[in-house]
Amino acid sequence: MTIRTTVWGENVHEQTNEIVRSIYPDGMHATIASAIAADPTVAVSTVTLQDPEHGLTEEKLAATDVLVWWGHQAHGEVDDAVVERVARRVFEGMGLIVLHSGHFSKIFKRLMGTPCALKWREAGERERLWVINRNHPIAAGLPEYFELENEEMYGEPFSVPEPMETVFVSWFQGGEVFRSGLCYKRGAGNVFYFRPGHETYPTYHDPNVRRVLLNAVKWAYNPAAAWIGIHDAPNVPTETAPEKIEERGPKLHAPGEAGYR
Amino acid sequence: MTIRTTVWGENVHEQTNEIVRSIYPDGMHATIASAIAADPTVAVSTVTLQDPEHGLTEEKLAATDVLVWWGHQAHGEVDDAVVERVARRVFEGMGLIVLHSGHFSKIFKRLMGTPCALKWREAGERERLWVINRNHPIAAGLPEYFELENEEMYGEPFSVPEPMETVFVSWFQGGEVFRSGLCYKRGAGNVFYFRPGHETYPTYHDPNVRRVLLNAVKWAYNPAAAWIGIHDAPNVPTETAPEKIEERGPKLHAPGEAGYR
Amino acid sequence: MTIRTTVWGENVHEQTNEIVRSIYPDGMHATIASAIAADPTVAVSTVTLQDPEHGLTEEKLAATDVLVWWGHQAHGEVDDAVVERVARRVFEGMGLIVLHSGHFSKIFKRLMGTPCALKWREAGERERLWVINRNHPIAAGLPEYFELENEEMYGEPFSVPEPMETVFVSWFQGGEVFRSGLCYKRGAGNVFYFRPGHETYPTYHDPNVRRVLLNAVKWAYNPAAAWIGIHDAPNVPTETAPEKIEERGPKLHAPGEAGYR
Amino acid sequence: MTIRTTVWGENVHEQTNEIVRSIYPDGMHATIASAIAADPTVAVSTVTLQDPEHGLTEEKLAATDVLVWWGHQAHGEVDDAVVERVARRVFEGMGLIVLHSGHFSKIFKRLMGTPCALKWREAGERERLWVINRNHPIAAGLPEYFELENEEMYGEPFSVPEPMETVFVSWFQGGEVFRSGLCYKRGAGNVFYFRPGHETYPTYHDPNVRRVLLNAVKWAYNPAAAWIGIHDAPNVPTETAPEKIEERGPKLHAPGEAGYR
């Protein structure tokens, strides 16, 4: 078993902002990927917004078990058709890890079905992430809490659906709280949102954050074969019903006709 | 308190199909509305696909507490901008009841974030809806189960997110099952999906179905003032943080600048 | 409609501790009850641990729509039979509001099925409760957050099942966080856990806390008739099955025999 | 990695009923265990009600990663202290698979916190289990549905809390439905309820049922170290708070004193 993981990076601030470049000289996606590559069961590659089709071709997605997403400034530049393609692969079983400012990415909003809005403040304050679900696979190897001395604040309310499980809740020095690790399932795909990762701080160099990245990839991995049929609404002809029945009453559809979409 | 309810009808098959017209001479929306209008606390109106902006103008939605949706053949003709407008009102607190073939409506797929696909068969078979959540408000006044002698079959898997609560599960004569009454919350809005209602059968004349329609409207009603701010991601300036802090470290944003979307 | 509410008070520290008595001279239950009594749709009474059967006789519970519970020092003195009686009424539809140290009450542990443990510190520190579910009925009329200048700290992990909905998350001055308002359903009964209320501070005199108490009672109220049958496992004789079937194969039970429990 | 699995069998009807003995000559627990033993990553043993401490000593539970439970006639004979011991191990991370009539076992009711009641009929009718969560690990390798030609009927409402995930829903020939595969989490422990398995039918010899048993054990396995501390409510002294604070206001507890339980 190898978990084929693709890290998607927006790769804009790394090119345009001195601070970000100094922290992530090879791009944030490279640093994120290196955290995941630490494990022998994972094979990691990176793609960026600037690649053709943002690097997310049909072929690439078909060969991806888990996709990790970091974007911020250029959410609007991601092609809608690519977003829909990614969503389809999630429904079929690809895992998705959405990081930090990715809360406003098209793909996250597409899958949540809600605004995904929140409060924010860029003051370099202390964030303390509490593990509230201690034996969850995503918390493996973590202490009861860990701190990031400088982070952007994200504050509640975070307008997402009530999650399947909550793994982390953050405390901020300035007085706010945030549900920082949220698990969802969309079709056959496991989705995890992880809060930390503002680009002007060295968050993705932090050992605990890196452990979460790897844990999350492993958790999100669904070894089942892709659920290709999830997009279809198949007609079950009367003669193949599990129980023998006879047709009755008026009909709208001719035999073999597809349903309306 | 009056629950201002708007019933949205696609109103296509009623115009083009003799069978449907004979069962619903005034349109399905009219029959659905009459079930809800039975209660003195509800004020009902109807709009249709053919109305300007499909009847769902900003003004109409602002004056709607609960929206009931029946569509089938013409999902694709609903304007994307109107869909987004409806979604925003749901996030702010408008209730939404989605009926039967509305599982494939743009608005339901928008809010679920999943394919919302299912199996189907049009054989006029018997459906039996079991109340699995007996004291749920949507089940008020119902027996332990009720039957529809002729209905279209919808079969699992129904590719929607795991619901907040399941109220009904259906048994079909041909051998399938279906989760027929599902509760969700999206932002401040309560969303209920209710399965029955194929247009070639007199389902919306059935007393139990009509009771569910009214119960669902009452359940979905959120008396709180609209949560207008749910779409925003406000910056909290350092000087207004709940706890006094000092800014530290490098910044991406200039003071007062909006976040990226 | 009148919501018949019973406030249960342990009433021990009010009798034995000077500080508690000075804050709650008539007992904490009296102060809690006065918050709820403010609404014309609610009729409130109080009972205490010291009453015969702790005030929770069959008759009293049958006449109670919502029960509010505050206990701390004397959890172990609550009779197991009374706990089971209360649990049965919750399953049948009585609402239950569990306050603060009630997290370790027998009735809360009985309904959660988990340890319900947490961290704590009695340092009179500041607690800030964030409303993360803004238009939830329990948050009606509240600001985006409210503060209690002196409270006991409760810290995560709080070992309860993942809730149906989370309404509040608390920030503590000493650095911890806590999910402070959690909604559950047990049978037909709505259950709400609300964190604040350490007896050496005047928490139940706080206007926002008092508003939550009243809101919670209204939310927990289930107007449906008691679901008496929820405790039973009725046999459905073959001749009364919804669909006509014939018995086949070997049987364990004689006709009319009850199942094993 | 080896998943140490213990199958607990009541082992009463196998001794007292000719039909049951003829189907399960070595006991139902032996047949159940043989389904799980098929996998090289699992090590299986069996214990029964008749063993000292029902075979569930502290040592045995400490060496058990997943416990499988089948009981029916003798639920009342299971010692309360053993039930509590099992519950504690579940909270610490042991997986638990509860089968069929185990819905009324003390351990399942203890963990659910609800009556766990349902309808039933012993008529040897056909059950069809629909996989509604196709790529869930517990459904690995299954067709879209599978049938048991002769089973006892269990009908809704099943008075359990809304599950974290629903994997199977059953159709019964006599007209009922049932949520037949339900996932829960209690503390660090994964809990799965699986409906089929009436003792007068050869259900645990069915290949699909056997596949579910093995899949469920693998799903329930939590490789994390036991969460021993989940039962405790530790005091966090002011001087060790994550953020420096000073004690204020009146106190109930002396330094170092344990909290009330």
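The letters A, B, C and D name the chains in turn, as written, and every chain counts its residues from 1.
The criterion applied here is as follows: a contact is a pair of C-beta atoms (placed from the backbone, for glycine too) under 8 Å apart; a residue touches a chain by one contact, two chains touch by 3 or more.
Here the structure is a predicted model, which is why all the values come from computation and not from measurement.
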{"item": "Selected interface, A-B versus A-D, where C-beta contact pairs are more numerous", "value": "A-B"}
{"item": "Selected pair, out of A-D, B-D or C-D, that shares over half of its residue contact pairs with B-C", "value": "A-D"}
{"item": "Whole-Å gap separating subunit A and subunit B, where each centre is the average of the chain's CA atoms", "value": "27"}
{"item": "Gap in Å, rounded to a whole number, between the CA centres of subunit C and subunit A", "value": "36"}
{"item": "Centre-of-Cα separation between subunit D and subunit A, whole angstrom", "value": "31"}
{"item": "Multi-partner residues of subunit D (at least 2 other chains)", "value": "128, 134, 155, 157, 162, 164-165, 171, 175-176, 185, 187, 230, 242"}
{"item": "Chain contact topology (line, ring, star, complete or other)", "value": "complete"}
{"item": "Touching residues (chain side subunit B, partner subunit A) in the complex", "value": "13, 17, 19-20, 72-76, 87, 91, 101, 104, 110-115, 117-125, 150, 153, 155, 157, 159, 161-162, 164, 173-176, 184-187, 198-201, 230-238, 241-243, 245-253, 259-261"}
{"item": "Touching residues on subunit C, where the partner in the complex is subunit B", "value": "93, 128, 134-135, 137, 140, 145, 147, 164-165, 171, 185, 187-188, 222, 224, 227, 230, 242"}
{"item": "Footprint of subunit B on subunit D - complex, ascending", "value": "128, 130-134, 144, 155-158, 162, 164-166, 169-172, 175-177, 179"}
